[in-house]
Amino acid sequence: MSRAPRASTLLRFAALALLVAFLVTPQSFAPLFAPLTQYGAPPIYDQGNLLTLALAQLGTVCLAAAASTVVAVGLGILVTRASGAQFLPLSRTLVNIGQTFPPVAVLAVAVPLVGFGEKPTLIALFAYGLLPIFENTLVGLRTCPPAVLEAASGMGMSAPQRLFSVELPLAMPLILEGMRLSLVINVGTATIGSTVAAKGLGEVIIAGLLSSNTAFILQGGLLTGLMAILLYDALAALEHRLMRSVSPE
Amino acid sequence: MITVENLSKLYDTTTVVDGVSLAIERNSITAIVGTSGSGKSTLLRMINRLVEPSSGRVLIDGQDTRAEPAYLLRRRIGYVIQGNGLFPHRTVAENIATVPRLLRWDARRIASRVRELLEVFQLDPARYAEALPHQLSGGQQQRVGVARALAAEPGVLLMDEPFGALDPIIRDKAQEDLLAIQARFGTTVVVVTHDMEEAFRLADRVAVMSAGKVLQYDTPAVLLRQPADPFVSRLTGLADRAMRLLSLVTAGEAALPGAAEGPTVAASVSLREVLSQLLWCGAQSARVVDERGVVCGRLTVEAILARGRP
Amino acid sequence: MSASVLSGARPLWAGVRRVDALGTVLVAAGAAALLLLPFVVFKANRIVPGEGRALSEVLPAWGALGCEAALALAAVAALWISAARLRLACALLAVVAVSLAAAAAGDALTPPGNVVVRIAPGAAFWVLMVCLGLLATDATTRLRPGPALRVLFLAATLAVAGLALRYGLFDHLSVMREYAVNATRFAREVQQHLKLAFGSLGAAVLVGLPLGVLCHRVPGLRPGVLGTLNVIQTIPAIALFGILMAPLGALAAAVPLADRLGIRGIGAAPAVVALFLYSLLPIVANTVAGLKRVSRAAVEAAHGMGMTDWQVLTGVELLLALPVILTGIRVVLVQNIGMVTVAALIGGGGLGAFVFQGIGQTAIDLVLLGAIPIVTLAFTSALTLDALVEVMDRVKAENP
């Protein structure tokens, strides 16, 4: 029982170390990738700094996630109040429909509207990131135990007090899970964003595909994969921590 | 006739059932009682081989239960568990038809058997045959569970805390039903319970278990009068064992010849109830009448009290 | 239901006809779009920037008036009518009117015989469609149609749209122009798209179902298997494609048979393998969750009555778990239809080919030629499977 978490922690640190080492000193990995190249093509991506690309992608993802969290949680609160209740059935249906839209389609449609670069990626990430957070906020706020809510009101809490000190804290684990889901999707979509000239590690894979350089494709894939997994993992750990502080059990 | 011979069950190093031997008469009701963890459920589940014994054997009508594959054995043995275990995706009729279908009875025979059982269990076939289990009340679900176990006319019915999830009034009715049905079909019933009251009410013989061993296996009256062990006497209720003895005997069985004064009591009620009634109205004796209303004897307070002595 | 809650909350308003809040938002947005944004965009050819035209500019007076009348009717319904059926009918009527107006604008603006000009629906068209779509969705949500009715409604909508396309109603609009140029390729890419999405789903069900049963029976396996599959899910699609290309390429080079079977580093093979890997998690996880949901008493009773292991698994456990497993299949199918799009980047084909080609050429019409069918496919699968789950889960449906 106690061995499993230790092994996974070890694995986690190894993955992080590998990612950082690759981003900081990519050339030291050149011998590993050299056998994959043909006709003297460079084994390590040389059209941009890997570290800059990774940070740019991380920045885009986090910016979009922050924006979608604010909007989605706000909307979630709005439609669960008595005054917004008539929007509730529609918003639930919209969430269901929205999730059938592939993120790539959202990205593709955004390009002609706002042009190439970061902007369409940000829009697609923002729009698609709304859904999981909104859905989880709804579920979280709507499944608060009625007895707890009644107790809160019975003790004389005002509606905002009840929202901020009871409902939102109880819904927090679910909201965080929604953020994690939306971040994972965002990292993937941001990678594809490289096809519309957004800065990111997807660029390495695209460059590899364009020049048939397997070394580029593989290192791009490994780096994005590592980054996505570590981000997911870090958020899961954060969620776990917060969960424990919300409910000591 | 079920013969349990030196049956044991070990999980790793813990012995759950420890060398149990029992002879269970045909057409009788046997209760296995004990505290939780005493091994009573495991013992029951070894009879239909839901648990395979570590050592020892079980014979049903002289035949070793290991002589055929476990699933074939189980089709000949009814099985009822706490919380009924009805299949939520099948109708009441389909649930009852489960084992007959496994045995490939023809459709007409299955339909008539299902109908018969629904009627026996006071469930209107027109109303309940096509209902899904969740549409039934708790008591009805429990009855369907027993009906399902009896569907293929098994000679043996095993019940594991069958009435544990029912509230007292429904439980009382279910126990009454079980007695009536056992009398009607003549099934050999083995019931596991932790409720001594239930065991005394239902069983011809009671096996008291503790820590995997059977401490005593006897009729209720003997268990009360001559407990083999301090544990047995504690379990059977030291304080009110006299009253329990009285509840084992009916007024009809104890009635003395002759006419009497006082209130009229039915022959089928227990002495305990007669005594209570006499106390209530301050009478010294009662008239016992049978179900046709004919006086069949009398009972005095002294006679009843004598029945409550060891 | 929400209406009654509201009228209960505000008894003062009970007698007065209330203005619908959602309706107000939708009508305001729709009206603003119609007044301020172009209804269609006219381009002399595929590349040059377009110029916007308003509804009244592109249609004959009676046509514009008819379309505006239908929109006004929808607006009245949105604002003051609370009967959901009537709202739905008005919204659908307006959708038809706006679509016909766009088609007519295409016909009117295209000089006879000219195949170079592009007439695309403009921003006002899209905003109107979104508003009307929301109105219709809201009405449908309030009506709570049963699963059969929903599927029927979907089929009818698809049939009407299909017939309109078949008879060339929209042929002068830019997306259909792109279609006309790519017609044979379009059919091929749709086929390829479906083949990739359903093929990997099929493989995932074949492997995932037994794996799920195994995880249920051997709880010790669960964290390892689900954890691994979870990690795979977090890897972005394009990265996983990239990672798989190297080993598959190597396999093709080493084993000529694999190459002949189509297993190569580039093309459909890495896409299918990646989609298969992505699909495993929802199927295994839902199989485990579904089996866990089955009451232990029912399983114990089934064994106790003499069912064989196989009979208990197929007749009781899997049957009871089916709605949850189907939910997993729905998730996978919708996810796959979306992800196959990315496969086009590595030469896997499918409708994504149009999307990425369109991005490359900044041709939104080409993007839409890929994106609209993808969304339609995903939406159709989601709705159909949702309905199926609801029918299957009859125990839950009757006892919510």
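By letter and in written order, the chains are A, B and C; residue numbering begins at 1 in each of them.
Note that in this section a contact is a pair of C-beta atoms (placed from the backbone, for glycine too) under 8 Å apart; a residue touches a chain by one contact, two chains touch by 3 or more.
Fair warning: this is a prediction, and the values are worked out from it, not measured in the lab.
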Query = So how do the chains connect up here, line, ring, star, complete, or something else (other)?
reply = line
Inquiry  = Based on mean C-alpha positions, which chain is nearest the centroid of every protein C-alpha shown?
reply    = C
Message = With contacts counted as C-beta pairs, which pair of chains has the highest total?
response = A-C
Task = Averaged over CA atoms, how far is the centre of chain A from the centre of chain C? Could you give it in whole Å?
result = 22
Inquiry  = Suppose each chain is reduced to the average of its Cα coordinates; what separation in Å results between chain A and chain B?
reply    = 60
Request  = In the complex, go through chain C and note every residue touching chain B.
outcome  = 295, 297-308, 311, 316, 319-320, 394-395, 398-399
Message = List the residues on chain C that touch chain A in their complex, please.
response = 2-3, 5-6, 9, 20-22, 134, 137-138, 140-142, 223, 231, 233-243, 245-246, 249, 265, 334, 337-339, 341-342, 345-346, 352, 355-356, 358-359, 362, 364, 367-368, 370-371, 374-375, 378-379, 381-382
Inquiry  = Under the stated contact criterion, what part of chain A meets chain C in this complex?
reply    = 4, 36, 82, 85-90, 92-94, 96-97, 99-105, 108-109, 111-112, 116, 184, 187-189, 191-192, 195-196, 202, 205-206, 208-209, 214, 217-218, 220-225, 228-229, 232
Query = Which part of chain B faces chain C closely enough to touch in the complex?
reply = 48, 50, 70-77, 79, 81-89, 98-99, 102, 132, 134-135, 145, 148-149, 158
